[in-house]
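There are two complexes below, and they share chain A, which is joined by chain B in the first and by chain C in the second.
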Partner chain A sequence: MSGYLVRRVIGAFPTLLGITLLTFLLLEILPGREMALAHAYPGRLPSVETLQRLRETYHLDEPPARRYVQWLLRLCRWDLGESLLDHRPVTESLSAAAWKTFVLNLASLTLALLIALPLGTHWAGKAGSPGEKAGSTLLYLLYAFPIFAAALLLQHLLAVRLGWLPLQGVGDLPASASGLGRCLDFAAHLVLPVLCLAYGSLAYLARFTRSSVLEGLRSGYVLAARARGVDERSLLWRHALRNALVPAATLLGALIPALLGGSVFVETIFSWPGMGRLYFESLQNRDYPVVLALTVVTALLTLAGSLLADLLTCFADPRIDLEARAHVLSS
Partner chain B sequence: MLRRNVAVLLLALLVAGCRQPAAEKAQADAGHPVPGDRLVVPIASDPPSLDFLTCTDAWCLLVARFVSDSLVDEGENLETVPRLASSWDLSGDGLRLSFHLRSGVRWHDGVPFTSRDVLFTYRRTVDPASGARADQFQEIEEVTAPDDLTVEVRFRQPTVLALEMWKVPILPEHLSASGAHPPDLPVGTGPYRMLRAVRGGEIVLQANDDYFLGRPYLDYLVFKVIPSPATQFQALLTGETDWSAVPASEWKSRSEDPGFRKRFRTFEYPALFLNYFGWNERTPFFGDARVRKAMTLALDREGFARTVMLGSAVVASSTFHPGQFGFDASLKPLPYDLEQAGRLLDEAGWKVAAGGLRRKGGREFRFSLLIFQGDPTTQQLASLLKDSLSRLAVAVDIRVLDFPALLDRLHRRDFEAVLSGWSLTTDPDPTAMLHSSPALGPSNYVGYASPEMDRLLLEGRHQTDPAQRRETYRRIQALEAAEQPYTPLFFPIQRVALDARFHDVRSSAAASPLRPYPGPLRWFVPAALQKRVGPP
Partner chain C sequence: MSSLRSLRAGRLLALAALLVACLAPLLASEAPLVARVGGRLCFPALLSYPGAGWAACPSTQRIDWRSYRVSHPEAIRLDPPVPFGPEAADLQAALRPPGRMHLLGTDSLGRDVLARVIHGFPVALLVGGLATLLSLALGLLIGGAAGASRRWIDLQLTRLMDLMACFPTLILALALAAAAARPGLASLVAAIGLTRWSGMARYFRAEVFRQRGLPYIDAARASGAGPARLIWRHFLPNSLAPILVTAAFSVGHAVLLESGMSFLGVGVPPGTASWGSILAEAQRQVVPAWWLVLFPSLALFLTVLACNLLAEGAQDAAARAPEGPRG
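Right after this comes the complex of A and B.
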């Protein structure tokens, strides 16, 4: 087991290196870097001298290979450099945005799971009934409902018309307010964007759970348990659901990087300063240190997520032998 | 027609301003101005930096107007008003300008403001290493400070921009001299001091008790980052903010809704911004003025402004804005006339080939149009051009690029046509867009070159007699109309709403009520109506 882990971690390095190299190259060929650095606009294009000075200031005259290696060496010391725009350390803006996105995504995923697991299992037990059919159709519709319409509707109804919830932002209370008050204020601001992010994944996860549980219900061990006289209720909720959790573990692994992947749309409409907007704006501003740092973090999380998914699967189903699987894969 | 509509609208606005029902009555009851409350204004994004020397984005410049002071500024009728300079003298030959500075002014950290700060601002701006925009100072020979309260400016030749160029924030010499980067919270002499700036959150300014005009009435100004225009308007409705642009689709119903009119005061004015199509004259298509004119004639700009933009735009006849000095109201925008457009293309040698596109010397009339990504109006305008020209057997390929990538293409002159826009200044001088020399016309990327235009532009720049200058600008506009170096499209009409509890807010025909000086420094909220109490 530990040998497997070591091999997996070592194996991740070339992948990570490849991802950073590719991103670096893509950014190199993306036009407009000097224009963004010069804060240019159509009424004010920079002169040739200005551009030359910018290239010197930001060492853009050095060959790309050298700049890439320098960036890598700094990365080894977890020095992500500073933003070309505001000259603040990248880690600062990164952690501020990551924290906001993490809370938002964790809350919406938890909400979605809390509803989707029981709902999907319940419907699997009632498969084929009119209620289940209607529910599934409803979920399909919910899944297809465009998020921008949902966001505007929720805002208009719950914030503007009824005034129950804050419309946008991360908090209104001044720094002088009490800790608890600010926490509640933050939580209230969280509700609308969480609802927006949750309903889509809720529909998806519920359907996923339903089909996994159904599969379990049709398998041999459920038949055997039923023959032993286990009642339908525990068949569904103990035996079938538990087995359905194995694919769910794999899914969770894939969701880990998504926890830090911000939605540009939701963050824009709710003025939530998270990762999606940071990525989008950095790319628009050609703020390369930030873009590269975001890529590295996302890549790391993706690799960690897939490793975690493998381990979870292994714990959920001890029959899966990762060592053997690794051998099969490598031979 | 539309122009007349706008005139009517502006008139209606004036009348509305006179009526101003609920607010006016409350003001009479409220008595004299009192301090208190705060104004919350949404901004679409964090300013990339708060370095007032180099920043070019609208939000940084807006904050700069409150935190720092310029020597002179714009009043409600776009006239030049004193700010840090209490008065000035321009010599008869127009070559020497002396500013007399206010005495007793202090920076927010208590250090006295003197002429050395003005000198420092000038030197930093023209120092290439600072990265600041220095072209407005190019006519200056020398700036000196004979004493602490006098600044002398010597020009190479007389210029009409002598005062205009000094509408820039003055920077503190004692703070900027050492560090390369400005501090996070800039220090100024302005009516508000910077309290905090939270990225992705808000920028908070606090009233400066020692301001030389007296403390402004509103305790705080808060600029809240709200990226989505739709959310900005909703935030006004929930009362989270006090100010918002009103979306064109909401304007009609809202301005007729008594509930809305009671809560908010609305303002509208043509923005100092022009969208245009630029035709690269180095390409085989657009070197001929007849072709460029045909492009303009082929566009139904009035119809587009009325239907797609729901009347929120004024069709432009040239690069001159109706609110600018020298605007020639008698010059009408070119009409929508496909027939004449076709004739002009025929004359220019672009004949319709059998069953296909127009051709000239074996070349098809098919060009690419670059547009910015993201703005829906831009996409609609590009489609308008494509559809209109397809009726003239001319093909357009639309290429969408993001902002820096598009600028890169313009800078390298690597384009055939572009849909873009300019922010205009109060002074109309269009030299940067129309002059053929790279030094004088850095934004003339379409490559327009006319000796007549070059001569008129420089004349206009140095004519200090308003009547003469007006005549020169009339001829420039006529020449623009004849040669169509750009197809001028629209000046968007800005429509904004402000919470009605703010009093003594004056509208301006050409600018946002937030813009003039002292403008918002006079705003106040009567004690009974104060809503946001205590520090934010």
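Right after this comes the complex of A and C.
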């Protein structure tokens, strides 16, 4: 297995290089870069000389291929340049934002899993009952509900109308407040964004768990266990559920890009200072070192996510021989 | 939910959405359906359709129907169900909650929300449909090429698919939309379509691989069919059902993406009625207006639901149908 992982990581390098190349090309065609540069140095309309000087400062007069290589070398040293807007190093604002997004996504994924796995299993055991039918239909409907609309509705209902939860941001209390108070405040601000980000994956995961547990219940080893006299409860929760965990692990990897995309909406609506909001704002401001950095980092995270999903799959089912599977897939 | 029921419900919802999209100019418009101007009957609401010049009223200049309505009330013979256009502003009626005059309320410029929601249907379905067609064409082309060509080319194309799958769709679509020379519906379609083909390509490639060893492919190859003919006449028809299922899901996703991008302000051009832009309008209000959130969300939800139901129903129906090569 470790051999497979090493090969998998090495195999990811061309993809990695491709990610940087594609992102760089995309940013090459993004218009208005010189104007953004000029904007970064406030003053009146920039003269031709100023623009020329700016082009030289940012090496825009050099051929793109050379700039790409230089950028790549700096990327290897984790030097992502500085923002055109506030001249802060991109790595600084990136790590501040990444932490916020990580908390948000981890919390919502945990919430979704904690509800979806037991719920899906429970429903698989009660397949066909009226409660199960109503619940599945409800989840099905939820899955089609757009995340930004849900965020606006929940914000309106829970924050504006009822005033139970804070409207937006990460915290209202000053830095002088006690540690516990600030933690609670942070948690209260976390509730709405996490709910919005979680319900989509919750619906998806619960439906998925239900169908794969059902499949497990119909399989031979469950029949054998039933014949041995294992009671229905442990058939469901110990035998069939464990079988369902394997495909669920691969799904987690696939969920990461969707979660990161959803973060753009949720963070914009709730003014959550994470990567999604930073990305969108930088795109609007044509702050292109930041856009470049964020696009690459997002794609790298997705790549890492799919690697992690493979690892989880091995962990959940030691019988799976990924090397053999990779061989079958590629031949 | 049984597959037949979901298929039926999906078909019903999708048909209703299509109908509203096609009839939007007749359902909500400032211009009356039938009017009598200068002693002749004319059908001004029809003018939104191409090639409907014959329906124009005999007048030397374009009639402003809002003032004409007041000055010549006798000329109007039949009004549309919603007598407001999607872009007709009326600042005196700004931010009205749902009422008798405006069934679903008005936005901050006094535009009728129902009219805007109705006119959001053609935008959503057009962008969603065209973007899906684009990604379908790209996916089938690249996936088919990868499946049918030499190992080295296949490897490179597969790498490209893996690469595309690493970028979250929204992130890439936002960047593409920002890079578009002229913002508009065409660049929106391109931005959505260009980001969503990799899943389809991967699927079709696997499908080609699966079928490659089957007897009918060997037979076709023996009778001299080249790779293009093999893909078009044999691989494609034999994987049509699952491809259509994926396409139906894809339309729903594309509609979501269009609304999402319009919500963020990088989608449809400003002023155009889109569900996403109504929601964006709602977010800008200081005084919260729930009707600006609820109604466009419902339209969006029902459309996406229709696509999902159609796709899933078709999937189950295809799984039950007797399978056999038709190449």
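In the analysis below, the second predicted complex is superposed on the first by the 304 of 331 C-alpha atoms of A that agree within 3 Å, B and C clash if a C-alpha of one lies under 4 Å from a C-alpha of the other, contacts with A are read in each partner's own complex, and residues count from 1 in each chain.
In the analysis below, a contact is a pair of C-beta atoms (placed from the backbone, for glycine too) under 8 Å apart; a residue touches a chain by one contact, two chains touch by 3 or more.
All values reported here derive from a predicted model rather than from experimental measurement.
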{"item": "Fit or clash - chain C, chain B, common chain A", "value": "clash"}
{"item": "Which of chain B and chain C A:163 touches, first, second, both or neither", "value": "first"}
{"item": "Partner chain in contact with A:268 - chain B first, chain C second, else both or neither", "value": "both"}
{"item": "Chain B versus chain C as contact partner of A:9, first or second or both or neither", "value": "neither"}
{"item": "First, second, both or neither for A:30, with chain B first and chain C second", "value": "both"}
{"item": "Contacts of A:69 with chain B and chain C, given as first, second, both or neither", "value": "neither"}
{"item": "Touched partner set for A:291, first chain B, second chain C, both or neither", "value": "second"}
{"item": "Touched partner set for A:281, first chain B, second chain C, both or neither", "value": "first"}
{"item": "Contacts of A:152 with chain B and chain C, given as first, second, both or neither", "value": "both"}
{"item": "Stretch in clash, chain B with chain C, out of 1-9, 289-297, 307-315 or 433-441", "value": "307-315"}
{"item": "Those residues of chain A which chain B touches in one complex and chain C touches in the other", "value": "30-31, 152, 156, 160, 268-269, 284"}
{"item": "Contacting residues of chain A [partner chain B, same complex]", "value": "30-36, 38-47, 49-50, 53-54, 85-87, 93, 96-97, 152, 155-156, 159-160, 163, 166-170, 172, 174, 176, 268-271, 273, 277, 281, 284-286"}
{"item": "Residues of chain C that touch chain A when the two form their complex", "value": "1, 159-160, 162-163, 165-172, 174-176, 178-179, 181, 252, 256, 259-260, 263-264, 266, 276, 279, 282-283, 288, 290, 293-294, 296-297, 300-301, 304-305, 308"}
{"item": "Footprint of chain C on chain A - complex, ascending", "value": "14-15, 18-19, 22, 26-27, 29-31, 133, 136-137, 140-141, 143-146, 148-150, 152-153, 156, 160-161, 257-258, 260-262, 264-265, 268-269, 279-280, 283-284, 291, 294-295, 298-300, 302-303"}
{"item": "Complex interface listing, chain B residues touching chain A", "value": "45, 48-49, 54-57, 128-129, 131, 133, 181, 199-201, 224-228, 230-231, 234-235, 237-238, 240, 402-411, 420-423, 432-433, 442-443, 445, 534-536"}
